[in-house]
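Here is the structure we will look at, set down as structure tokens.
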Amino acid sequence: MVGGGPGAGIGETHRIAMRLDDRYELVAGAFSRDHEKSLAAGRQFGISVDRVYPDYATMAERERERDDRIDTVVIVTPTDKHYEVAKAFAETGINIICDKPLCLSLREARELKALADKTKIIFCLTHNYSGYAMVRHAGRMVRDGQLGEVRVIQAEHASGWAIKLLEKEGHKQAAWRTDPNLSGDASVLYDLGTHAHQLARFITGLEVSEVAAELSHIVQGRAIKDNANLLLRFTNGARGTLWASMAAVGNEHGLAIRVYGERGSLAWRHEDPQHLQYFPIDAAPQILAQGADWLSSEARRWTRAGLGHPEGFFEAFANLYTELADALLARSQGRAWKRTDLSFPDINDGVHGIAFVECAMHSYAAGGAWTKIGSI
Amino acid sequence: MVGGGPGAGIGETHRIAMRLDDRYELVAGAFSRDHEKSLAAGRQFGISVDRVYPDYATMAERERERDDRIDTVVIVTPTDKHYEVAKAFAETGINIICDKPLCLSLREARELKALADKTKIIFCLTHNYSGYAMVRHAGRMVRDGQLGEVRVIQAEHASGWAIKLLEKEGHKQAAWRTDPNLSGDASVLYDLGTHAHQLARFITGLEVSEVAAELSHIVQGRAIKDNANLLLRFTNGARGTLWASMAAVGNEHGLAIRVYGERGSLAWRHEDPQHLQYFPIDAAPQILAQGADWLSSEARRWTRAGLGHPEGFFEAFANLYTELADALLARSQGRAWKRTDLSFPDINDGVHGIAFVECAMHSYAAGGAWTKIGSI
Amino acid sequence: MVGGGPGAGIGETHRIAMRLDDRYELVAGAFSRDHEKSLAAGRQFGISVDRVYPDYATMAERERERDDRIDTVVIVTPTDKHYEVAKAFAETGINIICDKPLCLSLREARELKALADKTKIIFCLTHNYSGYAMVRHAGRMVRDGQLGEVRVIQAEHASGWAIKLLEKEGHKQAAWRTDPNLSGDASVLYDLGTHAHQLARFITGLEVSEVAAELSHIVQGRAIKDNANLLLRFTNGARGTLWASMAAVGNEHGLAIRVYGERGSLAWRHEDPQHLQYFPIDAAPQILAQGADWLSSEARRWTRAGLGHPEGFFEAFANLYTELADALLARSQGRAWKRTDLSFPDINDGVHGIAFVECAMHSYAAGGAWTKIGSI
Amino acid sequence: MVGGGPGAGIGETHRIAMRLDDRYELVAGAFSRDHEKSLAAGRQFGISVDRVYPDYATMAERERERDDRIDTVVIVTPTDKHYEVAKAFAETGINIICDKPLCLSLREARELKALADKTKIIFCLTHNYSGYAMVRHAGRMVRDGQLGEVRVIQAEHASGWAIKLLEKEGHKQAAWRTDPNLSGDASVLYDLGTHAHQLARFITGLEVSEVAAELSHIVQGRAIKDNANLLLRFTNGARGTLWASMAAVGNEHGLAIRVYGERGSLAWRHEDPQHLQYFPIDAAPQILAQGADWLSSEARRWTRAGLGHPEGFFEAFANLYTELADALLARSQGRAWKRTDLSFPDINDGVHGIAFVECAMHSYAAGGAWTKIGSI
């Protein structure tokens, strides 16, 4: 693990996800740029002192040399370090689990993808909402044609977490997420917009082809824009909107999606992840519940305790980890492992996400003009 | 009443709204262009045969001459007739209740407004959702500062009523609403978009200043576009989106609004009109229920039966009628009657609505460019 | 109309219900025991002065003598007067609409039933919740076997209206509803319990056969018990509970029912009356919405405006009135009119309701022992 | 761990709960009565072969002799073995985590309690719903007086899991849960009723003092009664009902509770565990969400990821484990550890639960007569 020392919420989330299904062992790390802190973290996690490294570069180099080298590295640093860390490990041929977004520029994203393709590593990008059983089921329903052709997609990740000027109150995460030097006004899109974008792509199997973007300020005094409203065009002609916000007061985490097709529609909200609403054109709306007998194999595969036993954020995260463990195991045993379009997100999803953000920022800079993904 | 013969749902809605609080008597009408049908309707409604007119022009002329002339005319024809009918009655000085949208062009809308201003008639435009007690309460809360400055408005009127090609199955209302000769692709905005637009204005007291619009097709084979996604800028700098659709499969009537301010937010859905969700910045979210003791006078004024006794579509419609009756009575008794910004919608709302639609259509024609209201 | 002078909420509710579908004319009344008040009410309602009567007895006598006598009388006095007023009009052969509960003793209820049977009047008891379209649909589903044999019924009418000692604050309705001289501790069952009881019977077509009752105090200082929890046995062996309360703090009106069968279940709440949840044994739960195309004729018959246009308390009340109007018209035209088991509640429902309350009070007096309906 | 071999859902649940916060190591077990299966399980769990025991008695004896003996044993056998296994380990002074219900007779329960008291072991009974952050918060609110005196409690654990005759289709869990030889008709109360009973006690701090019980059949052909409706009296005079069912078709897991006091009420449902509804007497209803800033320390202590990140069944289970780990650690370090009335359930809760079930069965046998807890 690179990053994720004690106190870093996302590191602990990844560690819980690892442990949940007991498929991983944490054996090495560079948990902090402060080596003392890193060593302390290593002790806490029960890691041999010789595998607690002063920095990621040393870790990549030394692990490469070991016979019992790590199978996969987990990258949970702040986003601006993802590129260099991922690059270092990709070059050693070590598989990668990287928190989202992949990085902060399309150029870097493409470079990482080329490298990953060349070294044939497995690269899992933790767009964790793809791990929910009912999100998988939604993806299956669309692919099975239960909605007919998709026509409208309304996606949002509008959180209320930063409605106050937390960055001026010593809130570390708020500080880097609103630092204009890291990614300018794009932070709200990198941090939240990419989740909504990936969720829409994952469920529908469609790509966004064009974007028209508007950014705005909610919290006065903030150094960056904290709200984004986008119009979307998809590859099949479907239209939609995407709303990303870090200051939608009163919202909890605020990730939600509605997909409307010619024959039916779906609605899913992260606040109630074990239910999926399905509206067929010719019958009454249905509430599909995780654990119900009649769900798809994709939903059943990622359900542990059954109907009426809520599984949430950590279980969805763990699902990605466990799915990756299956892939790593298959590969280590020389068995074939094939991604499907409902597998865990990978580096391609990362590239798409970064392209989407850059494209939206181009549109905004151009007064909201429709901008083609791929044109930049 | 002009229009609204038997079988016309909107006519019956207006008649129920009239009767509910027993403040009106229906005494004259030109219910159909077919005089025989009109006479039959008159008999059914118990109207004296000499006040069932062959057409609206005759009705306006003859009623003007009567000492017991009607206090107000109700216009419930298809939209393309609103302008001429309203004009005829406005010229006689008879007050008007007109179904929305006001008409189909900004030029006509402005002409009607000038005429109404000149003749000093009271002109009620039945954007009926403004009649809901909890919508009134929402408007009061915003004006009282409970949300702080409004920053984001997400409005939608995305109905699923026309997900099938009803216009090819003999469905009369679908036929005229999807007829490209009446208003081209703008129909979905005139019919549904204006409701969402007016609701946003009514609750927040803000005006839309700029629009960027995208229209699209959901139902293949339909002669007009049946879906519209808009980005909005408001006069105070707030941003938002507006989604109007007639083919959002699975949606019921689909009118909903969320208003986010600096200090709190509100959410209201027409499917559950007696509840308003309120999210203050520093306390737990609240469910405000119609009939609760602690609501504003605006909410209490429009509540008949109290907590837990749902009032719906007809009661909201009746609220506008009853509020207008108060105004008419005051005026007839020589008492002052003053509109407030939470009174029933009037011709100004009509002009704003038509300007909004025309502006959105300009934006769409210009490839989705931001277009200023008032620039056209 | 007997009772229901200005200020009496229930009188105004009945008048709105009459007007809504325009099938009634209010032409006579004894609105108050104070003749001056009654005359004032008559003037307000536009009633000829010679048909505003000093008391119900005079009204019954004089109306009987008129050629244009009233078709039906509406009884909206406090409950303790229902018996004598209903008796007076039944003896004249005038049809009756009576607010619930029918009366305050089983002896009186049976006497009224005998009289109504003898005089062949139509007697409508306004258990108004039976008027909701989705309640009708629920009844149809049970009768069509969509739930299989009913096994458990969970009914409640637990309102929060009297959680404070309103009777000591000059609240008139609270005063008579908590007056131990009127019906002792049974008030909460007469007022609210009979609604839940009737709703259960109406939807399932089953009768309660045995009751075990527990009453208790919520509000200290109240002269009567304000809470009742009952166990039920039904004629087919189904079991259930019924909770009636006037002091369930935080509840709105609090009427709700769940019916569980061998093949499916249903849930309906008065706070959201236009939706009915249906849980089939072998498929996903469904949300049945008023106005949907695929509903039963019973639901469609009582829907005015269609999907997504909420109809509430007054419309449900009006449904009973309009259904009765159909019956009265048929009879006056010499056509057959047949009740079905999904028609408006009548005097038999009234007798069942009073028997139920008396039986529950016997059980409570006997320490909660199971008590057979019909045994008392 | 005793019991919980591969395939036993509850064993895996306990193991996930152990791992989630990384406070436990599974080092010994007797996972199955079939030693081969047990050894296979041990290999899967990475346990040294010399600590995989042929039976619980051997395990208790051998572990007692080890210096590195287990800190605590987890008992996840079928209920009828709980008593003997718990007894064996209690006698060795090894702490115990035991799945609920404690055992199948009050005599055995009292014996275990006496033994636990004597040996001073820590005994955690996994009434896992007590582990939810919002259940803890509910308990805090009641104790802080936010509801005033509690007057009515409506609790239910009515699951739909066994609406079919699963026991005749080779469903192992259904087979033992409906075996009349194990606990007769009491199974539905032992399995589900005790959860609702414990939840009511945990949140309110009140004890049930008297019960009146009715049992019934939902599924025809089942060997035991699968439905129970109870009336309750609590120590402070509050009343309530408890519904336990294994065949409430359409219900998910069906655990829910509503608590009504003199000054407010609370509602919590296991299907949406991260929200608690609060209805104060003098203000609007509130939705309290896990992770909100203003929650009690009890809620914050058991929240990992914060607002809008759902935690569910496994996290609640893990909360009990982690709380117990704190206790075990404190004790092992010689620090004081004090239970509070919002700590994990222990053997006293087990005794209360068994007494409750036996008392309810007495009541049922006595025709539903009110029966005092403690009288049997």
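By written order: A, B, C and D. Residues from 1 in each chain.
Keep in mind that, in the parts below, a residue touches a chain if its C-beta (ideal position, glycine included) is under 8 Å from a C-beta of that chain, and two chains touch if they have at least 3 such contacts.
Quick caveat, the model's predicted, so the values are computed rather than measured.
Novice: Counting hops between chains that touch, how far apart are chain B and chain C?
Specialist: Shortest path length, in steps: 1.
Novice: Sharing more than half its contact pairs with B-D, counted by residue number, which one of A-B, B-C or A-C qualifies?
Specialist: Equivalent contacts to B-D are found in A-C.
Novice: Could you work out which chain's C-alpha centre is the most distant one from the centre of chain B?
Specialist: Computed centres place D farthest from chain B.
Novice: Using mean CA coordinates as chain centres, what's the chain C-chain D distance in Å?
Specialist: 43
Novice: Roughly how many whole angstrom separate the Cα centroids of chain A and chain C?
Specialist: Using C-alpha averages as centres, the distance is 55 Å.
Novice: Please compute the C-alpha centroid of chain A, do the same for chain D, then give the distance between them in whole Å.
Specialist: 36
Novice: Can you pull out the residues of chain B that are in contact with at least two other chains?
Specialist: In chain B, residues 160, 251, 285, 289 touch at least two other chains, as defined above.
Novice: For a test of understanding, state which residues of chain D touch chain B in their complex under the given definition.
Specialist: Residues 278, 282-289, 292, 294.
Novice: Which chain D residues qualify as touching chain C in the complex?
Specialist: Result: residues 151-152, 154, 160, 163-164, 212, 214, 216-220, 227, 229, 231, 233, 237-241, 243, 245, 247-251, 260-265, 279-281, 285, 367-370 of chain D touch chain C.
Novice: Residue numbers of chain A touching chain D in their complex, please.
Specialist: Residues 9, 12-13, 15-16, 19-22, 159-161, 251-254, 270-274, 289, 291, 304-315.
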